[in-house]
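All remarks here apply to the structure that follows.
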Amino acid sequence: MRHLLKTSTLSGALLGLSMSTALAVDLEFYFPVAVGGDAAATIQAMTEEYMSANPDVNINAIYTGSYADTTTRAITAARGGNPPHLAILSAVDVFMLIDEDLIETWDQHLSEEELKNWVGGFYDAFRANTHKEGKTWGIPFQRSTPVMYYNKDAFKEAGLDPESPPATWEELVEMGKKLTVRDDSGNATQWGIRIPSSGFPYWPFQALAIANGAELMNEAGTEVYFDQPAVVEALEFFVDLSKEHEIMAPGIVDWGATPKAFLDGETAMAITTTGNLTNIRTNATFDLGVAMLPKNKQYGVATGGGDFFLFKGHGEEETRAAIDFVKWATAPEQAAAWSIATGYVAPRPDIWETEKMKAYVEEAPGALVARNQLEHAVAEFSVYENARVRQILNDAIAAAIVGDKTPEQALSDAQSEADEVLKIYRQ
Amino acid sequence: MTTTALAQDRSSSVSLSSRLETDRILFVVGAWALALVWLLPLLYAVWTAVHPSAYETRFDLLAPLTLDNFVQAWNAAPFARYFLNTILLVTMILVAQLVLCTLAGFAFARLEFPGKNFLFTLVLLQLLVMPDILIVRNYATMSALGLVDTILAIGLPYFASGFAIFLLRQTFKTIPKELDEAARIEGCSLLGLMWRVYVPLAKPTMLAFGLVSVSHHWNNFIWPLIITSSAETRPLTVGLSIFATTDSGVQWSIINAATLITSGPLLIGFLLFQRQFVQSFMRAGIK
Amino acid sequence: MIKREWIHAWLLLAPALLLLFAFTHLPAVQTVFDSFWSTPRGRRPAVFVGLDNYQRMLADPIFIKAMVNNAIYALITIPASIALALSMALFVSGKIRGRGTLRMAYFTPTVLPLIAVANIWLFFYLPGFGLFDQIRGLFGFGPINWVGQPTTALYAITAVTIWNQAGFFMIFFLAALQTIPESLREAAALEGASRWTIFWRITWPLIMPTTLFVSVNATINAFRMVDHVFIMTQGGPNNASILLLYYIYDQGFRFWDTAYAATLTVVMVAILCVVGIGQFFLLDRRVHYR
């Protein structure tokens, strides 16, 4: 299959070559960076490499800041009649991009063979977010999932087996209690677990909800299920980690400080993105463990991150050149290098078969956890008016955590607010 | 009677001087305590920036020193470009403000014309309703003009500064009319008069305003955040915020190194101009 | 009859006023118009909705929360910044050892970008291993989640604002204090008047115009300074630290609901006009700028 892919890329490139006569194709490509500094340089280097191999294509790769900035920039440029050809945007923005009529499906430009072997070759969990109404709107690229990092030394000190991290919610609470260390005046010097709740609490929360057998939204992005009992239970569990079981710091737990808190031994376990793997692995002064998130009714996480989107308003030739670039960028060799450099989860099984990736897995077994977890992963929370509905959910989670509302109350309020926003999309 | 009065007198003078002494000590202690609190964030920034990241939360005097954080920060984002953008931006804004507002301030200070009070009120209104809060509409205007994501668009709303017009008008008003008339008799044109008499005398005001303007626009954030979307136009603040808010967690040592890099020029500038700055404010009559 | 002087005046004013109108007055008026229309989306153009946006606003608990928070924010930052700025100015206006260092210490926050120092403050406020909790820990106090609990988040933000702007206002007071003749204070001191008496009887009345000027600035800042909210709390937890301008940004540039953002802006402009004009009248009565 790998061989087949290569030939198809090659033939695609040849096709592009034969179609573009003397004139080179100019492509504009916006990309965000959400994981520290090296990613931007890596993408730039990738486009350089592609251009030197394909002199008839000129790619202007523009680093556009955060995901939000990139979306804004792409929308503005498209409204101003100057859309980019390609952009990596947050996969959850798909409904907004469809609603604003800015992107087109990949399917209409791809051959049967490409659809089957290329598009079909990505993990379903990663495709789920941008595969709507049977059409492909985005190609997974910089994708991640949350994983559980744990401190093996702390496990040993607490008399726990460092090789068997908690696999269920019950074990999480049980072990969390043993891992929570308090000083003489009763103040915690080490917490059992840290699940961040600032910024985008919906993401770690969605993992809990899935583990509890719940879904937060429908595939069409027009319904949310915030007030379902399984979702309420998940939020109750989240709240009880600090309120009832006292194994997590009370109040809102900062997202950005989570790696630091874990590295400093302020917490024995922490749930955060695979994007932190490189940082944590290099800076940990203790024996590091990485595990799947514990299950309740089932294992489960939500994916996260960005996809390649194809913008409307360009000629077939340019669009084809853009597609060829994306095919190249997601081909095993390139994607493996990208994944290793950034910590993003390689989005296709064939990438994990490369020598590079195998060597990396030897060195950083945590990467494998993320891959194995994909089997249980579902689409990240995404509906129409996503930013607004997500904020409603974020506020509800925060309200429950800080005790402004009971989980049940918070989620039922959020449900009616979200219904109000989404009702115009249900006709 | 006299002796008691004397004794009383002495004791009260003793208590007075000791009271003054305590007063003095409290005053000095207060001043330094406040200064310490005010400097704390900067001191912390320096601490983390020159130590490895493991010492971000541990304050060990023997911690090893390093310049690595500065190197990493500098390489992690196009700070050189951001610097250039910021310098272009603040220079452009300052020049435009000084030119436009001198002209307008002069008209308000020295000329009589219909609608003067009304127009001046409109100018004063901008002191309250700053472009900073009209972001939604101004963004629409900029996209209509095709200026989104340009350095010009970041600066344009601030070119006509109500504050500068007001300040310069106040300053021009304090200039004796005799100077003005003398120059007019010599046959100076209006612009010549402004340039030769008014501008030189308003220099302290301009310096004071200039420093305020530069530091304000050097640090301005929301409007540039909205209106820029590429490294070619982004000023330091926006670059810094993108750099600092990655999903992968805050790395204080590198962010603080970047903070020091980006605010270094202003800090040094202030240290150098500190005396002139305060004196300009005094002479500018901003009081 | 149009005089030459009029034409000169208008010509001199034209460039500045044109820009002023284009980016302040016109948008302010347009914002009012925008607030009567719905937000255009992709294939759905804007329609006239009358007062719908205002109705929605009044029923929006987050808007109410933002208003209350902003009022608290203003009521704390304005007097606190003025008091601190004045104390600083008094500390460094007279003879004191290390005057230059002190001045620098007070003024430094002003030249640091708020967006960057917000990260430093975020560390100070972190529960458990943040600086404040490390210091509190030395005295046996337990950790406090300053920015992560609704009771303290807004105040944590407020403190950063005061810290950031007080030094800037100090400069104005410093300039004002230096215009007060030293002989006045010396004479009072010779008569045994305490520092406190001198301040209330001589200094305070004489610097009144500056105080009012600074208070106008502080008022505007209370609505304008939200940079650190982006880094420290994003308005949370559960909108406990949301401020009006941050909410406008959220609506306008994260949710792309420009019509509702315009409606919120109208409220902001109205508040600023009322507060500001009130202060100007006060200012005008005490000082004659004409």
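Note that the chains are named A, B and C in the order they appear, and that numbering of residues resets to 1 at the start of each chain.
The definition used in the following text is that contacts are C-beta pairs under 8 Å (C-beta built on N, C-alpha and C of every residue); 3 or more make two chains touch, one makes a residue touch a chain.
Everything numeric in this text was worked out from a predicted model, so none of it was measured.
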Which chain's mean C-alpha position is the greatest distance from chain B's? A
Could you compare the number of C-beta pairs in contact for B-C with that for A-C and name the larger? B-C
Averaged over CA atoms, how far is the centre of chain A from the centre of chain B? Could you give it in whole Å? 41
So how far apart, in whole Å, are chain B and chain C when each is placed at the average of its C-alpha atoms? 14
Chain centre separation (chain A, chain C; CA means) in Å: 38
Residues within chain A bordering two or more other chains: 72, 256-257, 260, 264
Mind pulling the residue numbers of chain C that touch at least two other chains? 122-123, 129, 253
If you look at chain B, which of its residues touch at least two other chains? 56-57, 226, 245, 250, 252
Over in the complex, which chain B residues touch chain A? Could you list them? 53-54, 56-57, 72, 75-77, 143, 146, 148-149, 226, 229-231, 234, 238, 242-243, 245-252
With touch defined as at the start, can you tell me which chain C residues reach chain B in the complex? 3, 5-6, 8-10, 12-13, 15-20, 22-25, 27-28, 30-31, 34, 84, 87-88, 91-92, 96-98, 100-117, 119-124, 129-131, 134, 163, 166-167, 171-172, 174-176, 178-179, 192, 194-195, 207, 209-210, 213, 216, 220, 223-224, 226-227, 230-231, 245, 248-249, 252-253, 258, 261-262, 265, 268-269, 272-273, 275-277, 280, 289
Residue positions on chain A within touch of chain B in the complex are 33-38, 40, 62-66, 69-70, 72-73, 76, 79-80, 255-260, 264, 272-273, 275-276, 279, 283, 285, 343
Per the contact definition, I'd like the list of chain B residues that touch chain C in the complex. 16, 19, 23, 27-28, 30-32, 34-42, 44-45, 56-57, 100-101, 103-104, 106-108, 111-114, 116, 119, 122-141, 156-157, 159-160, 162, 165, 170, 190, 215, 218-219, 221-222, 226, 236-237, 240-241, 244-245, 250, 252, 255-256, 258-259, 262-263, 266-267, 269-271, 274, 277-278, 281-282, 284, 286-287
Can you list the chain A residues touching chain C in their complex? 68, 72, 75, 96, 99-101, 185-188, 191, 197-199, 249-254, 256-257, 260-261, 264, 266, 385, 387-388, 391, 394-396, 398-399, 401-402, 404
